[in-house]
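Each of the next two complexes has subunit A plus one other chain: subunit B in the first, subunit C in the second.
Up next, the complex of A and B:
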């Protein structure tokens, strides 16, 4: 990273980023507060960001509180992930119109819209990269995902204040970004000064930056921003020792400890819904009541359902422990065999949004200890 | 593999969804057994070119009911008709059984890995099938017989529950009369006028005429049958690395995107259905993997 390429935008000029993105035709999505949580949705201005809001996370707990600091990105992460906007939870794939003894397939319209995501955390950027490998770069790909990715503009925001459930340092995915963004910000606020150290990571990023009032960053501003991110690395709420973990899990497939976890696991699937990398989906074919129109839809699915592995005669994974094991084994071990990277980025959402607070770092650690 | 990935990078530009199905017309329905039937299909769009490798499968869509993965059972050297042999056991396959000549079925494919016909050149080939497991193996039998001089002895061992459960009976009779194919049949229970072998298919392995040290084995049937068949083959001296089996799991997309068919670290739809035994043997002894 070249420090000379870094600039500073003052807080008062931050709206210019939104204006520049809008002028380029991007539909802007970013964090905003709704129903006592920070979610990602379409936003039109910087004022819709969670100004002054911060979140407190524990296993099975998420609380939003107002702080005195008027930061724009003073929260950690909400329950939503960007996959919602790149690989929608529900999508019509095609319709079929029945004729006498045949049918005609009509492909569902898909518009590869230009999107800009403002406020992508480093762990989430890594998660998008992981989904790219699965949904875009494999032998077969999802055409809509590929099109949305090509038209995506990413404004990443480095973390300076990680939460209790964060462990991106363990997963090598944060707290600062290194590549894969168009613009990357570090928000600096000391009560008096409020500014953003900004860096362009692409030609599209440079083009947008040129339209925003900015000035070269002073050495002390750069140093402070760098230190803030460095400090964040030492403030991780949790850690996951990945050393040899894949092999340990493979070797402990039959451990009785899976049963211990299952005593608490409700197999609700929340962890898969909030996970930024989980990609499993279901395909459903339905017909209208008249029977002359059928359609195929894709839905996010979860490996925690009994139906997930059903083939004639029954479900492959009928016990609750086998389904928890499938999820954790997939995230940490199988994923590495399949895609050359773990399926976990250390965002901690599965810990926060688990109704009983099951903690992936704790459980993987327990398997390691008992091995 | 690297070549394929490059190809997909460029096809990424295309907006053609791999989930789109092609309409095929049912030209002929063959009732194989009381619950199993073969459909002979031709594409409505004309052209008719459907190339597949023995062992691959298609996703079959019954209008308004759903989609299921079914192995291709026809002759890989013929572009028409496309043949699928299916047993009516679930919602979609039961609806499929009610389809008639002239009806339409949706097809996506072919997907998945195939039987090792190239690797088997120069070797004896042992084909072991249990029940409906003969359906995914029939293309490899066609292939081997068409390229007969490239292989050593070819042995087909086929077991079913009763004589009435045997697929492709007329074809089996023809195959049995050939001098270049050893066909051995067995049933779990002898009914009617059956005078042949009685017992599970593994009982045929010990006395079948092949050289275990120079053989490639291809096995398809219920998982429990495959497990014990492989044990018998290994006992006779066949190499794990020359033994292949075909697996089955819940599949929704068939192209490695939906996650349903995962078996440990592999996706049965794209890494399978045909596996070399040593690559998948760990899964046989792992409950609920």
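Up next, the complex of A and C:
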């Protein structure tokens, strides 16, 4: 996208984005404050955004604080990921009814609703792209995911204020978006002026933009917006040196250091639950008491459970260290072998939401150092 | 199904509060279906009518605390084809296992006017310490849906879907914000077995560990982290010493902070 196509929306006109999306029949989800965090939920207006809220993150710690700035997207990232709305944590797949000598399968209803996500960070956009490869375009695609994805409108928001646990620059997934969005915003606030530099990335995006009061962006506004994103790139709290890391990990499969991490790892599975690319699920079959009706359900699963790798005779990864190793190696090494891209986008959620603050960048770095 | 072919179900009580067996009566929506699928042969909380054993399924609530009970559980085992223990008392010794950390005689002399009438064991122990148990259902109290699931699985000859991973997995699936990370509240969720539906974190409280230790619990790492949250050694000891105080991983961790 070149600069000529970029426009400006004033803060006072921001509600028009919501109105335009609603008029097109989109169910809008976006960031909002609940239970001491910024989460993603259905919202109807710009007033429900986390106005003036920001968050401070460390390993195993997240604190929401009120800032003097009345920004709409002044926070970093919360615990939710968009996968919750494209690949729900729990879902009925089908049920079966017993008849005389056979049984009849009734597929679960799935309505491909039109959704709009407002406030998708560049790292999250990259994560959606990674899940697309697997859940939409992959060998074992999920039809519901594909349908929801086709009907999805994405309003991305560039990052100008990364946090302590962010390392999207290392993963080449931020802090600015390049493609894959319908609309992309950069929020600008200097105490006096409050506006959004906006560009459309699709025909649907252009159509929505036409319905929102906007004007061509001035050169200095564009320059300031670009600089804000550039500055964000230099403010990353963490970094992960990816150079040759895949090979280093493969070569250090038997490193004693995995055992050192396991002394701290709780194998609780939180990192997999908050990861925007983790897609592993478990399929559970249940019956009713009478045994004439059965149901198959899908749940988000975690590679940290012993049962996850259970095959006849026992669990393949019965030790704690082997389960942490599986997760880290999958994110950084195996994922590249399987899908041609790392499974990590540098959002830092696994660091923040690990109850004991285990840091993927630190641990992968330690393996590299000890190699 | 003819009544004769229905599996016979018995419910037994040891040292406990009755809460877990009452979960069976609390099954409201499923209760009629259960009564239809099994012959409730011995359940004093529900009916005075007692049918003789042997029983196909025995649900055992409570811990072993007296010499008499230590005998009785063997008789029950002998008359039961499939024995399921229900609740923290039966699976770990319960809250009354707090006595295990002291000399029981000291308690007896303080609590009872005539201690000479009290015949009790030194320790409150789980049923599995005494007899072979086919399945242990955790919780203080148990989750009624998990109870129905276990009975259902037995009746339909399948494996029950009772996960042994952490509370965190169901907490995150539910969409809760982690109370420990977001507020600094101590939470036992990462070392506790799922099954309650993450009730306490759903209401912004840390997990109390009612469902006991999860598979491979790393209690020492969590306890180390509690120190960052400014918990004293005494606080940490108490966190691990509650409803499942005598479950080995929790017991060892609490003893490390005595």
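Methods note: the second predicted complex is superposed on the first by the 371 of 371 C-alpha atoms of A that agree within 3 Å, B and C clash if a C-alpha of one lies under 4 Å from a C-alpha of the other, contacts with A are read in each partner's own complex, and residues count from 1 in each chain.
We take it that a contact is a pair of C-beta atoms (placed from the backbone, for glycine too) under 8 Å apart; a residue touches a chain by one contact, two chains touch by 3 or more.
Quick caveat: nothing in here was measured; it's all calculated off a predicted structure.
Asks: What is the contact status of A:143 with respect to subunit B (first) and subunit C (second): first, second, both, or neither?
Replies: In the superposition, A:143 touches subunit B alone.
Asks: Quick one: is A:283 in contact with subunit B, with subunit C, with both, or with neither? Answer first, second, both or neither.
Replies: first
Asks: A:291 in the overlay: touching subunit B, subunit C, both, or neither? Say first, second, both or neither.
Replies: Both partners, subunit B and subunit C.
Asks: Looking at A:20 after the superposition, I want to know if it touches subunit B, subunit C, both of them or none. Which is it: first, second, both, neither?
Replies: A:20: touches no partner chain.
Asks: Which holds for A:312: it touches subunit B only (first), subunit C only (second), both, or neither?
Replies: Once the two structures are laid over each other on A, A:312 reaches subunit B alone.
Asks: Counting only touches as set out at the top, which of subunit B and subunit C does A:96 meet: first, second, both, neither?
Replies: Only subunit B; A:96 stays clear of subunit C.
Asks: Answer with first, second, both or neither: which of subunit B and subunit C does A:320 touch in the superposed model?
Replies: In the superposition, A:320 touches subunit C alone.
Asks: In the overlaid three-chain picture, which partner chain does A:254 touch, first (subunit B) or second (subunit C), both, or neither?
Replies: first
Asks: Which parts of subunit A are touched by subunit B and by subunit C alike?
Replies: Shared contact residues on subunit A: 284-287, 291, 301.
Asks: In the complex, go through subunit A and note every residue touching subunit B.
Replies: Residues of subunit A touching subunit B: 93-94, 96, 98, 101-105, 107, 110, 112, 134-144, 146-147, 253-254, 279-287, 291, 294, 296, 298, 301, 303, 308-313, 316-319, 322, 325-326, 329-330, 333-334, 337-338.
Asks: Could you list, by residue number, the parts of subunit C that touch subunit A in their complex?
Replies: 30, 33-34, 36-37, 148-149, 151-152, 155-156, 158, 161, 163-166, 168-169, 172-178, 180-184, 187, 189-191, 204, 214-218, 220-222, 224-225, 228
Asks: Touching residues of subunit A toward subunit C in the complex: what are they?
Replies: Interface residues on the subunit A side: 34-37, 39, 60-64, 78-80, 84, 89-90, 262-270, 273-274, 284-291, 299-302, 304-307, 320, 352-353, 355-357.
Asks: Along subunit B, where are the residues that touch subunit A in the complex?
Replies: 4-5, 8-9, 11-21, 23, 25, 44, 61, 63-67, 89-90, 102-104, 106, 248-250, 252-253, 255-260, 262, 264-267, 270, 286-289
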